[in-house]
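Two complexes are shown next, each including subunit A; its partner changes from subunit B in the first to subunit C in the second.
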Partner chain A sequence: MLLRPRLEDHLVIGKYTGKIIIGVGLLMVVPLLTSVVLAEWDTVLDFVISVAACLIFGFSTQLLCRTERDLSWSHGMVVASGSWIVATVLGALPHWLSGHAGSYLDAMFDVMSGYTTTGLYLLQDLDHISHGLNMWRHLLTYAGGQGIVVVALTFLFKGAAGAYTAYVGEGKDERLLPNVIQTARAIWFVSLTWLAVGTAALAVTGMVLGQEPLRAVLHGLWVFMGAWSTGGFAPQSYNTLYYHSLGYELVTIVIMIAGSFNFALHWAVWTGNRKELLKNVETISFAVTLSFTVLIATFALAKAGVYPDAMALFRKVFYQLVSGHTTTGFSSIYVRAFVTQWGPIGLMATTMAMAIGASACSTGGGIKGIRMGVISKALLQDIRRAISPERAVITAKIHHIKDVALGDGVVRSAMLITIAYLSLYGLTAIVGTLHGYDFLQSAFEGVSAASNTGLSCGVTSPSMPSVMKVLYILAMWLGRLEFMSVFALGGHLLSMVRGRG
Partner chain B sequence: MRAVQPRERGLARRERWPLYAAGLLAETRFVLALTAVAFLMAVVAKAVF
Partner chain C sequence: MTSRSARVACALAALWLLALTAGCRAEGTPEPSPNDPSSVMLIEQPKKHDGTDVKFIGEVIGEVMRRGDMAWLHINDDPYYLMNVEEGAQLGGYNSGMAVWLDAELTQKIAYYGDYKHEGDVVEVAGVFNAACAEHGGDMDIHAKSLEMVRVGHVVVDPVHPWKIAWAIGLSLITAGVGALTRLSRDRPIDARR
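Up next is the complex of A and B:
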């Protein structure tokens, strides 16, 4: 039986959603300052309006929704999913005001793509957008990768016991440290340390390639944010193909893969447990599935004779597959090359890598390595059980930071989310096909959106039907939040209409 | 006399940095090992075809 939410429920949801939107408004100060420093006055005005809109919304809800109640489990889920929608609507203001978005829907598409670290975009004339807007695009992915609830937890929630529910609602469920706010700060600590190291490495590489120092640093920072957050936004329309550099590719490969690791794994490795890298179910699963998809694509493209030598073959195949598997979306080939050069086998290998995706509790999307590990182990366990004597006791465990017994509940949970992802992948592929796109291409693009990857074979464009834009927005949102909190929001809305009070 | 409070605190304590750096390098080594495997695959594939 559904119970109609009481006024107190709306107040607590409004209060915490408002806090998160204040966080989004404060985040916009960074691109605002960038534009001030670089004298981009039109962009400054765009951001002043946008910051004001976020702060007015945020503080209004604080005034209107005054309550001492803390978040309950269902409130946290609704706040996590609902705040992403409100943050997308308000976060789209700078895109729309810039004049580079064809419509407000296109602007919202790009912002949801940023928050969810997808990387698909509809922005037009990308090579000529302001530095401020570029900063905002990349900051969206960087903050979204950590989770905008994590941003708010780190800086705006002080000791709220219910904050953990909003954190879980955002698709992260691991505590690096005993306290959830300390955990959020540890996540930021790892990310900011990598930010300093990665940006420096890319900036130096850029300068060696001949970029001016300011441009090299800005590109280094933005490309780092795109890689680490597995977001895939880049400052140029040719993405990372723009740099034509093996050095740039190698540095971004390291950042993409590191960005796709579980934050709990980072923390274990950084606090001395370095062997965890070789024992963890997610790194093992990632190494196996990445090598498998690379093997397929490498041999298919070698046979087709697409690339002239082993180095070119390695650079193109490994880069796109790492980008797909980590759900980053960086690309060092032309968009249509997936169709015109890679062919069906290359497309399928990349789609498979994108569908599996990165690690749980990371910046990445997709089904996730831990679920692949759990399902594979469960399958092996069942096979062993089938061929063993009836009385034999067959147990299985997975290793993630510590050994975990593989119970039915763990397997069921992994299967449920996997089925949800596969259904979403199927739905996006079917809708694309119904709109006249080739099935393989619409499956590639749909999986790319729903797994928050952002690689494109040319389907995503401003001229794409609005139905598909809306579907991709929903797919990105569902995929990033891993369904449950979005279902909770749906249940909350339904209970407002049909609940008994 | 009051004891002098350490200026660094929490996650960023100075004595922790060597451990963090070693962790970061271990992650980089892991990625480079996967990269080397992929390069070998490309060499073999080109040799075969």
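Up next is the complex of A and C:
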């Protein structure tokens, strides 16, 4: 039986959603200052308007939704999923005001793509946008990678025990430290350290490649944010092809892979447990599935004779596949080259890599390496069971930070989420095909959106039907939050209509 | 919430969604590419054009990246190659262009590179198109032998819209007001307010 939410429920949800939106408003101060420093006055006004809109919303909720009640499990889930929607609506203001978005829906598409670290975009004339807006695009993806709830947890929540539910609702469930707020801060500590080192490495590489110091630093910062958050936004429309450099590609590969790893794994390595890198089920799963998809694409492209030599072939295949598998979306080939040069097998291999995706509790998306590991182990366990004597007790375990016994509950949960992802991939592919796009290309693009990758083969464009834009926004949102908190929000809305008082 | 008010809420949500898409900025006839084959054609039919001599006109964007005696340029032949969105060009889709590898000396003629504050020089390069360049790790590019200036670029004035100033002031005042009220209400016990 559904119970209609009481006023107190709305108040607690409103209060915490408002806090998160205040966090989004404060985040906008960074691009605002960027534009002030670089004298981009029209963009400055865009951000003043947007910051004000976020703060008005946030302060109003603090005023209207006063309560001392803490978040319950369902509240946390609703806050996590609902705040992403409100943050998308308000976060789209700078895009819309810039004049580079075809409609407000396009602006929201880009912002949801940023928060969810997808990387698909509909902004037009990207090569002429302001530094402030470029900073916002990349900051969105960097903050979204850690999770905007994590942002708020770190800076705005003070000791709320129920905050853990909002954190889990955002698709993260690892407690690196006993306290969830300490965990959020630990995630930021890891991310900011990588930010300093990664930006410096890319900026120096950029200068060596012939960029002026300011551009090299800004590009280094933005490309780092795109890589670490597995977002895939880049400051130029050419994406990472712009740099024409093996060195730049290597640095971004290291950052993409690091960004796609579980924060718990980062924390284990950080605290001295380096062997975890080699034993963890997710790193093993990643190595196996990446090798498999690289082999398929390499074989197909070698047979088609697309690239002039083995080095060029490996460089292109490895880069696009690492980018796809880590769900980053950086590309060192032209978007349409996936169709005109890579062909059906190349498209399929990349789609597989994107569908599997990165590690759980990372900045990445997709089904996740841990679920692939669990399902593979369960399959092997069942095969062993089938060929063993009836009385034999067959057990299996996976290693993720510690050894975990593979019980039915773990397998069931992994299968459920995997089926949800596969259904979403299927739905986006079918809707694309119904709108007249080639099935393989629709599947590629749909998987890219739902797994939060951002590689495109040309289906995503400002002229794409609005239905597909809305579907991709929903797919990015569902994929990033791993369904449960979105279902909780749906349940909350349903209980408002159908629930008993 | 009654089922009637739920229906009203659903209708409002649908209207809102419609408004989001209806708020499209007018897309007129975008500036066509001056090239045949254009960058779009080169990317769509790489095999057909591989190894052929091409002439390519477009706006130089970003920067020149020198690599010893040679350099990389990026030349866009998209709807914004004569006028960009900041100057008032109508939206015409994504940027599109080609990477060009050429003698660094040739790039000395270039005065403006396209970005937020500049409309870049429009140049014409002539050279060989490579669908997957052996010299550059399989990149799709043009190896240019010549570069001619077609039109010198210019600084783009960043116009501040008066309506944005009004909105910025208005919303900032409201923010200050709501912020002050929030601060005041924080000191009052919750029960006393209800």
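We adopt the following convention: the second predicted complex is superposed on the first by the 501 of 501 C-alpha atoms of A that agree within 3 Å, B and C clash if a C-alpha of one lies under 4 Å from a C-alpha of the other, contacts with A are read in each partner's own complex, and residues count from 1 in each chain.
The definition used in the following text is that contacts are C-beta pairs under 8 Å (C-beta built on N, C-alpha and C of every residue); 3 or more make two chains touch, one makes a residue touch a chain.
In this text the structure is predicted, and so the values were computed from the model without any measurement.
Novice: Tell me which partner A:H244 touches in the superposition: subunit B (first), subunit C (second), both or neither.
Specialist: second
Novice: Classify the contacts of A:L295 with the two partner chains as first (subunit B alone), second (subunit C alone), both, or neither.
Specialist: A:L295 contacts subunit B only, not subunit C.
Novice: In the three-chain superposition, say which chain, subunit B or subunit C, touches more residues of subunit A.
Specialist: C
Novice: Between subunit B (first) and subunit C (second), which does A:S463 come into contact with in this model arrangement: first, second, both, or neither?
Specialist: second
Novice: After lining up the shared chain so the two structures overlap, which partner does A:V197 touch, if you call subunit B first and subunit C second: first, second, both or neither?
Specialist: Touch partner of A:V197: subunit B, not subunit C.
Novice: Considering only the touch criterion stated at the top, classify A:E445 as touching first (subunit B), second (subunit C), both, or neither.
Specialist: A:E445: touches no partner chain.
Novice: Applying the document's definition of touch, where does A:E212 land relative to subunit B and subunit C: first, second, both, or neither?
Specialist: It touches subunit C, and subunit B stays clear.
Novice: Identify the partner contact of A:M311: answer first if only subunit B is touched, second if only subunit C is, both if each is, neither if none is.
Specialist: Both: A:M311 reaches subunit B and subunit C.
Novice: One more residue to check, A:M496. First (subunit B), second (subunit C), both or neither?
Specialist: A:M496 contacts subunit C only, not subunit B.
Novice: Counting contacts the way the document defines them, which residues of subunit A are shared by the two interfaces, the one with subunit B and the one with subunit C?
Specialist: 309, 311, 313
Novice: Spell out the part of subunit A that touches subunit C in their complex, as residue ranges.
Specialist: By the definition above, subunit A touches subunit C via 4, 39-43, 45-46, 48-49, 51-53, 55-56, 59-60, 62-63, 66-68, 97, 99-105, 108, 124-131, 209-212, 215, 236-238, 241-244, 246, 306-309, 311-313, 315-316, 332-334, 336-337, 340-341, 461-463, 466, 469-470, 496-497.
Novice: Under the definition above, what is the set of subunit A residues touching subunit B in their complex?
Specialist: Within the complex, subunit A contacts subunit B at residues 185-186, 189, 193-194, 197, 250, 253-254, 257-258, 261, 266, 269-272, 274, 277-278, 283, 287, 290-291, 294-295, 298-299, 301-303, 305, 309-311, 313-314, 317-318, 321.
Novice: Write out the stretch or stretches of subunit B touching subunit A in their complex.
Specialist: Where subunit B meets subunit A, its residues are 10-12, 19-20, 22-24, 26-28, 30-32, 34-35, 37-39, 41-43, 45-49.
Novice: Taking the touch rule as given, give the residues of subunit C at its contact with subunit A in the complex, in rising order.
Specialist: Answer in residue numbers: 1, 3, 6, 17, 19-25, 27, 43-46, 61-67, 71-72, 74, 76, 78, 80, 84-86, 89, 91-97, 99, 114-117, 119, 131-134, 136-141, 156, 158-161, 164-165, 167-168, 171-172, 174-175, 178-179, 181-182, 185-186, 190, 193.
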